[in-house]
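One structure is given below, represented as structure tokens, and several questions about it will come after.
By letter and in written order, the chains are A, B, C and D; residue numbering begins at 1 in each of them.
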């Protein structure tokens, strides 16, 4: 059957690439994937999947780093203008842009696959050597770009859906499949709310992956060492005053912020492993001759373990609170993203390895890699499944990229999208068949 | 003759107010007063003044806080579109927007009067209770507004020119008058370059003033205690790096900037009098998960004496240099403005007092006030004249304002503009006549 | 009568100098002046003064910067061994080392004179060119020295007592005199408790002075501009931990202290006048490889006005509290000293001037000086008297000093002590006689 | 032969314990082990060892953290008074307190054993439950104590010497043995200078160990993960000034030091592994009202690799230099200690394991432990031997301790000293015999 599947996928090349180019042309950032998600949902329905979406797959209060309501409304409007599914988009309103397609095959394990679908705030390159521009599928949405390959991930998900749908009668009776299309992976904002909605609770195997990072035809069978992370924004509000005439009448939010920055960076290292802190953005004050009233910071903590990240986050929050109070500053902390630590199950990594070798489309297979310092909110799904006794794996399908990830020239070798579809499908069968 | 002059000025009310409203409608920020300056110059020529402008009255390399060349070009274009004098504007190109009108009267002291003409980056109020809006002379230039009354100052200068021109034969033979229209007073950027051009070198009496700060019909005969000040921008450039994956590969410009901010504020107080320091703006970093590559600060120092300001500035520069080097950061310092300390000559203050009392249009006359903490680049002119053995004075003509200075609702009682014209003219005569 | 008094004082020279040398030989630091105070009290009794001492003249809970009980007991013992008055010392036990002698003369104004009597923790010089050493009256108490001339002040007080006692019948009927011998002026710790005991409440004129600071035969008739000040110690207690093995297990008191130091120095300047802050001592940690558990700071704030000092102190305390909490540190603040702002009454300054000129023993008389940046707890007395409608003055009697004040080689020209006695006595008579 | 050796050692119990108690009674801190080293050297000579000592085994300029010359002279004098060998001590003068005994056995590998011999600045407990006190061998040298078991290490070394001496004819012809008695291990100050003297250059196997850290009868066969470390002292010298009267005249070394402390703690974490920084001691300023002239810091950096420690040290030195210059402070850095990273050779660890099991005196044998965060200058010897192609191991011989290491109640179970002697000797034979 594997041969038949491979052929089916190869034959689908044009359609899969057209999916990818369509998503690429209409990129949408986290929580505004109205067009993307509604079109995915429509196609899944057409393919015979049971589809859940919007509030069914996202727990409202666990969504992090939401845009403003005005922004959500504007993007919703744009999505409608750009061909979103008019019927389904209604259920995504307010930023509930997740979708899940379920294929019930009977008794047997439940296999989940996760595909993230959001774009980035990057201005796409418009040079002649940038293929999307030359072939006229570059971003229609100014300042937004699929510069991390999630357009491919969405297309891979649909390719997997097409394939499984085509063979569902042949694999009937051996379990259930969930194709999970996740919003807002950038900034690690979306997975927690999907897990919060309970959709991972019955999953026995969760599979995720990323395109790129390695050259084409390279497969890294698993990634370990994801760091737990918390992202949050801090707003300080003091009081302005003329810096020459009445310096003591101000409440200097910049003094508070700079005290915080130095102390945040000076949080003692943790004996149990790697920890990280970064104040990535600090913006303070308006005029040269006015005591700075407001300051704003974007902060993230990380830890090799959840315990270490908790230590960093709690220490950081204490520093923020006390440096604000030190200068009589009001403050507000807003959580913007979160991910957990995570490691793949070795048996599943080995299964990926075996399948990858058999497929023949990879010429360099790496057992496992360590994502030192990186974070992925796929870990929320991974951990939930592992807590319930299941297994998970997160692999990397290499592709020759132009520009690096998050770069305005980013592009992939579209051939590798097909390899990813094959890998997802064959691993699924391998698990279902219990090999 | 005084009565005749008063009447002349009162009769001129409509014209003076129309000058003011015209300037108000087309506000231009420092070094871009192309329309304003060219129209003033044209009118001075019409009135029989010898006119010097552009590079004749501004020393190129002493101009501080210039906009970018692109900005200068754009504003020049706009000025042309908004009715600038097409012949004279050419001589202002590149931001040489100063003008001086000279009236040669014969032997006798040279009297200078200074009027500043620039606007602010303030968005003008558009409420119905905002008179300029209701009477349709509010700003045509978005984001720019005459919110500090320099439109009035320019109109006062033209009013003085009209009056003196009308009586020049009657006062012939008793000296020379220089009406100095200065660009870029906001941020104390323009006066130094006018002094640098030598135009104050032959001035025996320099007179300046400001509208507002006190209610209508109040006259403050002199202002002392201007602080010396230096304004400068600092750019830090380090190296970005992924904050999770390779924190030690970055060069964190934010650590350097925050170290600078705390230490700048901690410069020891000076035994000899008041000192000030303010970092009014700090902007650092781009992304939450990237070590901040660039930081930018707007800084000012002040001192009750030039020595104290020198102490503050030098200490500040050392802090900036060393905090940059501490974290392997490249840095650049750009001077943006400067003013000196200054005190009026008491004999001239008394002369203003006497004239003010005689005029009858003021019902509250204050001897002298202390501008604690403030700075004015008029002090460059004041100091130059005093160095050469001359005298100077800077008075305040009260007006009932709406909103405070630099506020989007700022407005004046236009009647007080006439009082200012009277004061400037009669003091001039009083000096020339040696009373 | 003045001539007679002058002669009486000149004849007393040897006795006054022997008083001074005795005090110099047995110096006692603040709150341990057991020997000094008991001997003064005994002499006042012998001279016919009503004497109040110990708890009668010091309010217990307003004494600041007390030594430990053990230290008080040790010094008490030493005082007994060094010839303290065995009967009177009992009433000074526990550090109540103030004395007041009262001379009731009848109806009329009450005049207070203040003499401070404490020594310093300075190791006295033992070179041959150091007169106290050569003449064998240098300190018997290791590490303690009268290096600020308070030995002279005590001797002046006794000289005044001797003189007034000798003429009391001749000036009877014209008022009351209080000679106040104050402990613990160093560190501005003692005056507040004397005022707290109410002994200044009936005083109409309060007179104080200091020897030195100017050459011999110079008289500065008044000192203005004393700064209000607060002195306090801060103790931080965190938790030690091995810096290599478990850095996150510590609570780093040094991080808290350094954050406090930078922010204390960065308290915004006050628009209303001079402010000061100093962390004079910081001591933190024990071993290179241990997270510093404890830190200790000696801090002082000052202000040109009480309001400014209050602003500085309150801001400082907030910084201390918050920087401690930032790093989970326990903290304790202990008040160690306090002084108020103060200015002399001009009429009294002029009276000193007149008396000084008449005396003939001064050849350089300065009207008034400004003690920029200095503090004296005489201001507590001055303010209390002024609040009640009375007047006060604080003058300086120059003397040629060796070494500066607080220096191990400090010494005076003893002849100037007599001049001081004359000044105190004649001013008193001048006031009593209402000239 | 092993049985015979074990018996020999058991019979020597009393002598070995008396060695330990003698060293315990006369503890000497690093570089002042004059008595200890001279007595060891004498005994080695008596036992027939070729002895090298003083400058023969220590490279002068690589000794770190030396006491002052005065201190060295005082301790030398004391050692003489406490029974040092009068002939040999001369060669140790000036702090050259290392000793090596060589046993030439013929052709074959050279085996080095390292024993550290210095004590700590700890005040020994004098309670009745403290065995050294009860049995009257507690420290005669006030403030100094063998609180880390190096008295035992020295006794073990002599025990090994006695044993090997007794069997030297039986093992002749199979190699050379070097017993290295190292000064100044505390603060990792001494090993570098012994390596610098070249005495490790011909060593094929280097063996070291520590008593304690685990209970009696526990053997940890190897320790890995020693961190590279650098210890250094920093002195800052600015300028004092009266904090009230002339704050700007000072050069505030405390501002510089606190800026350094915050930034040192904020050195970015290293991507490649664990890093550490600690300012363990900061002492700054003298008086509350004086700008702090001098500051002093004790600092250490550590790294999981030499590269990481280099990164930390270089960043730290840059922070120190720039924070000093920021406030016009002179600074001096003095290196006080250094250790390298180090890992044991696994084959040697296994050999220790085998020998330990065979000996029968251990009931809990642990393969290897990770000394997370700790540093040992034995690593200099280990690295030199490994560089030359040799092998090394560092094991831990447990003992039930009272109090922890470096605690005033520290004590050992003396029985475990014998086990250590057995282990060293049998491993040596095992290596020589090539089993």
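Note that a residue touches a chain if its C-beta (ideal position, glycine included) is under 8 Å from a C-beta of that chain, and two chains touch if they have at least 3 such contacts.
What you see is a predicted model, and the numbers here were worked out from it, not measured in a lab.
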* With respect to inter-chain C-beta contacts, which pair, C-D or A-C, contains the greater number? -> C-D
* Asked: Comparing centres built from CA atoms, which chain ends up most distant from subunit C?
  -> A
* Asked: Of the pairs B-D, A-D or A-B, which one shares over half of its contact pairs with B-C?
  -> A-D
* Asked: Using the average of all C-alpha atoms in each chain as its centre, how far is it in Å between subunit C and subunit D?
  -> 53
* Asked: How many angstrom lie between the CA centroids of subunit A and subunit C, rounded to a whole number?
  -> 70
* Among the residues of subunit A, pick out those that touch two or more other chains and give their numbers. => 245-247, 252, 255, 259, 262-263, 265-266, 268-269, 271, 276, 291, 372-373
* Structure fact -> Within the complex, subunit C is touched by subunit D residues 187, 227, 229, 231, 242-247, 252, 254-255, 257-259, 261-262, 265, 276, 278-292, 298-300, 302, 336, 372-375
* Asked: Hey, which residues of subunit D end up touching subunit A in the complex?
  -> 262-263, 265-266, 268-269, 271, 274-276, 372-373
* Mind listing the subunit B positions that touch subunit D in their complex? => 245-250, 252, 255, 259, 262-263, 266, 268-272, 291, 311, 318-319, 322-323, 325-328
